[in-house]
Amino acid sequence: MTQPNTTELARHRRERMMMWLQLTPVLLVLSVLFGGALILAVMQSLGFAPWFGVNTFPDFSYFGALWGSWSFWQSLGLTLYYAIVSTVIALVMGIFLALAMVRMFPCKTLYKYLYKLPLMIPYTVGIALAVIMLGNGGMISRLSAFFGFIGDPSEFPQILKTHYGWGVIAVYVWKQTPFVTLTIYAVLLGVGRETEEAASILGASKRQIFFQVTMPQILPGIVSSTLIIFAFNIGAFEAPFILGGGFPDTLPVVAWRYFNDADYTLQLQGMATVVSIALIASIILYSYLAFYRRYERRIGRN
Amino acid sequence: MTKVQLKGVRKDFGAFTAISQIDLDINSGELVALLGPSGCGKTTTLRMIAGLEVPTYGHILFDDDDVSEVPVQDRQVGMVFQRYALFPHMTVEKNVMFGLKVRGTPKAEIEERLEEILDVVQLQQFRHRFPAQLSGGQMQRVAIARTLITKPSVLMMDEPLANLDTKLRGEMRRFIRELQQRLGITTIFVTHDQIEAMELADRVAVIFDGKLAQYDAPDALYQRPNSVEIADFMGANNIFAAQISASGLATAAFGTLQLDRDIVTVREGAGRILLRSEAIDLLLEEPDGENVIEGTVEGREFFGATVNYTVTCGGEIITVNEQSRRLVEVGQKVWLRIEPRHIWAIRDDA
Amino acid sequence: MTKVQLKGVRKDFGAFTAISQIDLDINSGELVALLGPSGCGKTTTLRMIAGLEVPTYGHILFDDDDVSEVPVQDRQVGMVFQRYALFPHMTVEKNVMFGLKVRGTPKAEIEERLEEILDVVQLQQFRHRFPAQLSGGQMQRVAIARTLITKPSVLMMDEPLANLDTKLRGEMRRFIRELQQRLGITTIFVTHDQIEAMELADRVAVIFDGKLAQYDAPDALYQRPNSVEIADFMGANNIFAAQISASGLATAAFGTLQLDRDIVTVREGAGRILLRSEAIDLLLEEPDGENVIEGTVEGREFFGATVNYTVTCGGEIITVNEQSRRLVEVGQKVWLRIEPRHIWAIRDDA
Amino acid sequence: EDAEANAFREAFLGGEASWEDVSARAESEGTVNLYYWGGSDPINIWMDQVVATDLAKLGVTLNPVRITGTKDAIDLVLAEMGSGKGLGEGSVDAIWLNGENFATLKRQDALFGAFADKMPNSDFIEWNAEDPRSLLNLRDFGVETGNAEVPWSGEQYVCAANTARVDRADLPSTFAELKAYLEANPGKFTYVKPPHYIGNTFVQAAIYAHNPDGTGAEPFQQSIDDLGAEEMARLITPGLEYLKSIEPLLLGGQSGNARYPEDNGALDGMFLNGEVDMACKFGLYAVATGLNNGTYPEGAEAFVFPEGNMIKNKNYLAIPANAPNPAAALVMANYMTSVEAQVSKLKYTGMPPGVDPWKLSEAEVTALTEASPGLIGVSQADLDANTAPDTNATLVDVIEATWLEYIERDSADDLSVIVSRAVDNLAK
Amino acid sequence: MLLIAGFILGPFIPLLIQSFAFRWAWPDLLPGTWWLEQREKSLLPLAWDYVLSPYSRVWEATLNTVFIGLVVTVICLAICLPAARVLAREKFRGKSAFEFFLSMPLIVPEAAIGIALLMIFIRLGLAGSYTGIIIVHLIPTIPYMIRMLTAVYQGLGTDFEEQAMILGASRWQVMRMVTLPMLLPGVVAGALFTFLVSTNIFLLTFFMGQGKIITLPTLLFSKIAGGTLDASAAGITLVVTVPGIILLLITERFIKEEAFGKGFGN
């Protein structure tokens, strides 16, 4: 047998080089910006901030102070509460809607426009809508008064500006349900309806079809949208800031308050808060992902 | 098992009529093929029988009972989808057991029937694989096993062989036929391949454009098509315009042929005659007797087992199909002979 | 036009060897089919000839020049992809002109050649349509026209007919053959359908598992396969173990058959004999002479033009394929006769 | 270091440069970069429509930089100073500020110098330390201005009530009466949440009113270093305890979660919707302005609360030490303290004048009076009779931190512990 | 379905009313005084007069938003197209790790990234500049863009490019005449979505803008941060909604759910 053709090897090498060359810009941008930001965040939270004349790296006291205070854990609880509850609600509603959308119904085209609207507009708009609808002086409160249910704004159940209130959740759900719907709907379109029909012919009831046939197939879509919206919810700032109930604030708001304090050392404390958020989010999401991977392996997907 | 009847069934999708009118009687235990070009409404018909679609008009009867109101889950039908629709997240075993599990069949019985059916479809060794790890033929068999295990009273298959390669198709055809004969389930399958329909079915329903064009046994369909369209669709290639006389003589451009009046129902007038290309004798010397046409070999196509000759006779081109034991050279002068009983005629106004 | 040679060509994809060793000589103006099961390396071979892949070892020669270093763009080859790969955003006309345009051919010449080729493929009236508005056969012809207009010295087609329905396949087969004969371009096409290979090709290269298994004229391949695998792949169904004597007698389970010693190369020893099912005469009365086997009809399959009978003879099952002019009943006692020249033998150690 | 700019500064502060020199230099500098909180549209509009036009006539182009927090400007100045940018080289010419932010600049020695009394229009401001009315011109949140900033606007903490919902007779005028009112009408009052300055001010007023020595605002004019943490804790304890005691009576307090609005906008909204009956904020003319732009309910009227402790303060313009255009900044500061500017400001924004009326001519006073939106429900005399000064900036931080800890976070610790901890934290 | 439509659209009705109100106190269902009644009396522009005046900075914010969105989209496209091509076509070691890394920004909270970068950006003088904002916007947009473009490339297959090469087209001709036109719908969809994500980013913009550069979300945030909504804030909210609606009308034509699904279904 002769030697391998040199052109083939050279070409192969050239192609690999081209390949990495094409990947470089993205890789560079993300590692420098995103990776760099992560490293910086961690370093700052450990006391590295020469620009404030602070450099006690590595210094765990910021984390110590943070994790040592009860209010941090309260904030964490609140953050997780908002994130989890709204993620779950958005998911359930999104799945429900997506399932409804693959079926035919009147005005479907119009509806297909409509449901994406919240996706297109910023969260702040959602917050504004929550303020005007759900506030104690808001539209629903006024309607209740009009129908004689309440006689004073304070009798209206407090939705905004309170802990564990539904205002923040309502905004998240309003904005994220379309995202979940879009994702799941797209997956459903790819999956097609055949397996569902096959199951119904095999005698499965609607429930059985949903849980045993449809659900496992749209799971990848569910998982990826969960990851995205949960991560967002846990790090979101504007809604809990505007609609939240004050102390204890959610962690991003706590971080924000630290950053806006005149005291520079508190910025490092804020950085520790931010890193904690990232850390907690990653732990939760990672275990979620690991759990899902295990499930996937169990059902033989890889 | 179950007798299936479609009575005046019509199906509209919005403004579009997929099925304009179909009446069909399928006997208990019969294997019927729905044959027709793409988009003619075969799948729609099956789906209506299964209960996945509701007919716009008309009724569907199982053993003389109207099942229009019976939901899919309770019709006791089985359906094998064209692309199998296997549950991708379940193993072969789980896929097959699904139908029993959702009905709450006792575990022991499920086990037993599973083993039995896996033996039948010869999938014992693949039972723990996932659909993605199977070949087309194996997936096909899983789909069939999954359906059969529920002991459906009507089995439907939508183009069950469309995605398989030639060799596998042959195998699967034999497998399905054998199985159907053994279990005697009323079976309806969809195909657009006339060979498949003829090989497998007891009777074939040809559907054109949402209408039942002919419903007959395979050989009848092949030998005595109702219309030129059906003949063409069934692969006939020798169709010629001819004038038929009352005495059963057909006069075409290449000469006059005697028809068998016991077979041919056409009595008189303008029409078409069909010469089945494999029923024509290609002779190198002029024979005696009637129904002989003179011509010249124009082309030859070798298919392995058979050879096709195109022969020009009086301006028309006649295709002759012969087993390839000998090869006649192109350009050779030949005589074609065809027996009256192998000629079929259709009136132009049919 | 151009003579194509593959010399010791091998192709590895990473650790996986797609083609282990292929030597192939294709004469100028010849039409060669690459035939083989899925995944055997047919497409890879074509892609190497086109220059889309570089062989790991070995060389590819066009008219005795090594073209390994010549980039795709400059090889002057044409290739029709399995799914046509028509540019969906261009009209038929633009698609066809593409190859000339990118080479900067003068406008007048493009026009002229466009008209010419559109006439050849009979697409004049569709010239302003987009691919999405064409039928399968029309798309196919656009793909061919687009390739031919560049006057390639080698034309390659990757399963050109795989996506067409039976009727259209026949038409396209005839079209391609005619065109190739008219233009005389060296043509290589890939298929996994042996009928197609045999009908179209001057020579067929059978590839199994990345190796050239046999390279021969279609009838030779069909009648004198090198190995049992090839015989099987070519659709032979009567393959029986037999002991072959020096005098050319083959003794199988159902009896002894005389071989034609001019044809059969096997001299002595254990081997297999092949009886071509369409070369067997099915007789209802015992005939005189040699090579007669007695048996009983076990099954019958009606295919329209032909009928398959399965006949048990001394424990073996022999398939007989006959044109369906008569139908023999199942259970009938019959005698099979086969001429020596229709029997082929393969040594077990081949 | 820009030597020329420094020379100018020496000359100006040393009284050697005439105002003509300043004007000439200002014209050559061309622009002035004014940093100020951009959250108020009336102010923005006034800046763009009036100030910019008038300054253009003086040959100076106004570049209004609207920041979301004054602290941003302070950070910028300090960062630039830190990187060695001196006079003539920075990017901030003037900042509208008061209190803590001024204290920071002063502490960091980042101010241009004692310019305030050296401008032509400084005649309109009382600089005589003997006159008690000069207090707010010389001290900003208790911090001596050293004339490094010039007062250009005044403000007073005034409460308004919705007389459509409350009878004027029932209006409280002391904290005790407020509590009594709330016991009768729970939830109908709240105050802006500290550390917002409007919230701080309410807390300060409560502390003054509950001063155990009965000396009101007086002890709170000293810095924390002079006062000491312990004394501080003693002085503020009754006030904070009062605030804690009314917490369950505030808006939302009945359900255990008192709501403190984040800013005056939020408070105005509650007031408009009748969620609360009274709202307190800085805004002498707030009622008139609020009625004019629809943010106050129709029955809104001001009233005197808390008697004797209606905190009054001023806003100032400061020039940082590294102003790129110091002369233009001086010209602008001078313009801002002109009667003309004060009149238009009052008209546009309802912000009371920063100049002192007794230093003006009669005609000028009339012009100001005519420009003012007017007082509703109270008279100027009532207001003048009940003023109190702001708390020293260093104490404000402590009070703020203490409120957060004691009221918001419900700390169980003793107030003295909280205060000393806050003092320690701030010292760090 | 009606309920859902109400849930989505309902809140816009009071918003619209509020934007025309002068004084709208609880419990009135309609404003007690309308903006137009007070329009002449007021020295300052009210409600829509204000929103449309330069003082509201709506116009500036809109321009900023669109400008930043466009630049981000273009940069994102330019760097993601080649990478998406590789990801769709090539196999290489560490590919799945690479892909995971590319989607990391989706699951790390924005606040962490924004704040960490802020300090460095202030140092570099990038804070409060368009460059700074555009750079940080790349972080959350790249993952979306990469995913959508990879799906697009996967859908394209290599056939067309190879065919063009065989027909004699040079690399550049292939790119220009075949690849780009065929990718166009997918690229447009990806670009629109990236634009959408960019125009929706609040936190990063807020940090990096330093109040100097405002976009629609940050403008609206500062208007409603106090938790109340007056007529001008309502007007601005509506204005902020308009680009979304325009985008919605465009995207419905280009973003097919199918394409989106390929990007996110896994």
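Chains: A, B, C, D and E, in written order; residue numbering restarts at 1 for each.
Throughout what follows, a contact is a pair of C-beta atoms (placed from the backbone, for glycine too) under 8 Å apart; a residue touches a chain by one contact, two chains touch by 3 or more.
Molecules present, by chain and UniProt name: A, E = ABC transporter permease subunit; B, C = ABC transporter ATP-binding protein.
No experiment lies behind these values; they were computed from the predicted model shown.
Any chain that touches chain B and also touches chain E is listed here: A, C. The minimum number of touch steps linking chain B to chain D comes to 2. The interface with the greater number of C-beta contacts, when C-E is set against A-E, is A-E.
Between the Cα centres of chain D and chain E there is a gap of 39 Å. Between the CA-based centres of chain A and chain B the separation comes to 54 Å, rounded to the whole angstrom. One finds 94 Å separating the Cα centroids of chain C and chain D. Multi-chain contact residues of chain E (touching two or more other chains): 25-27, 122, 225-229. Residue positions of chain C touching 2 or more other chains: there are none.
Residue positions of chain D touching 2 or more other chains: 69, 269, 272-275.
Those residues of chain E that touch chain D in the complex are listed here as 21-27, 32-33, 38, 41-46, 50, 53-56, 122, 210-212, 222, 225-232. By the touch criterion stated above, chain E contacts chain C in their complex at residues 159-160, 162-170, 173, 177-178, 181-182, 184. On the chain A side of its complex with chain E, the touching residues are 16, 19, 21-23, 25-27, 29-30, 33-34, 36-38, 40-41, 44, 49, 51, 97, 100, 105, 107, 111-125, 127-133, 135, 137-139, 141-143, 145-146, 153, 160-161, 174, 182-183, 185-187, 189-190, 220-221, 224-225, 227-228, 231-232, 234-238, 241-243, 252, 255-256, 259, 267, 270-271, 274-275, 277-278, 281-282, 285.
By the touch criterion given at the top, residues 50-52, 72-75, 77-79, 81, 83, 85-91, 98-99, 102-103, 129-130, 132-133, 146-147, 150 of chain B touch chain A in their complex.
On the side of chain C, the complex with chain B involves touching residues 38, 165-167, 192-195, 198-199, 218-219, 222, 234-235, 276-279, 301-306, 321-325, 342.
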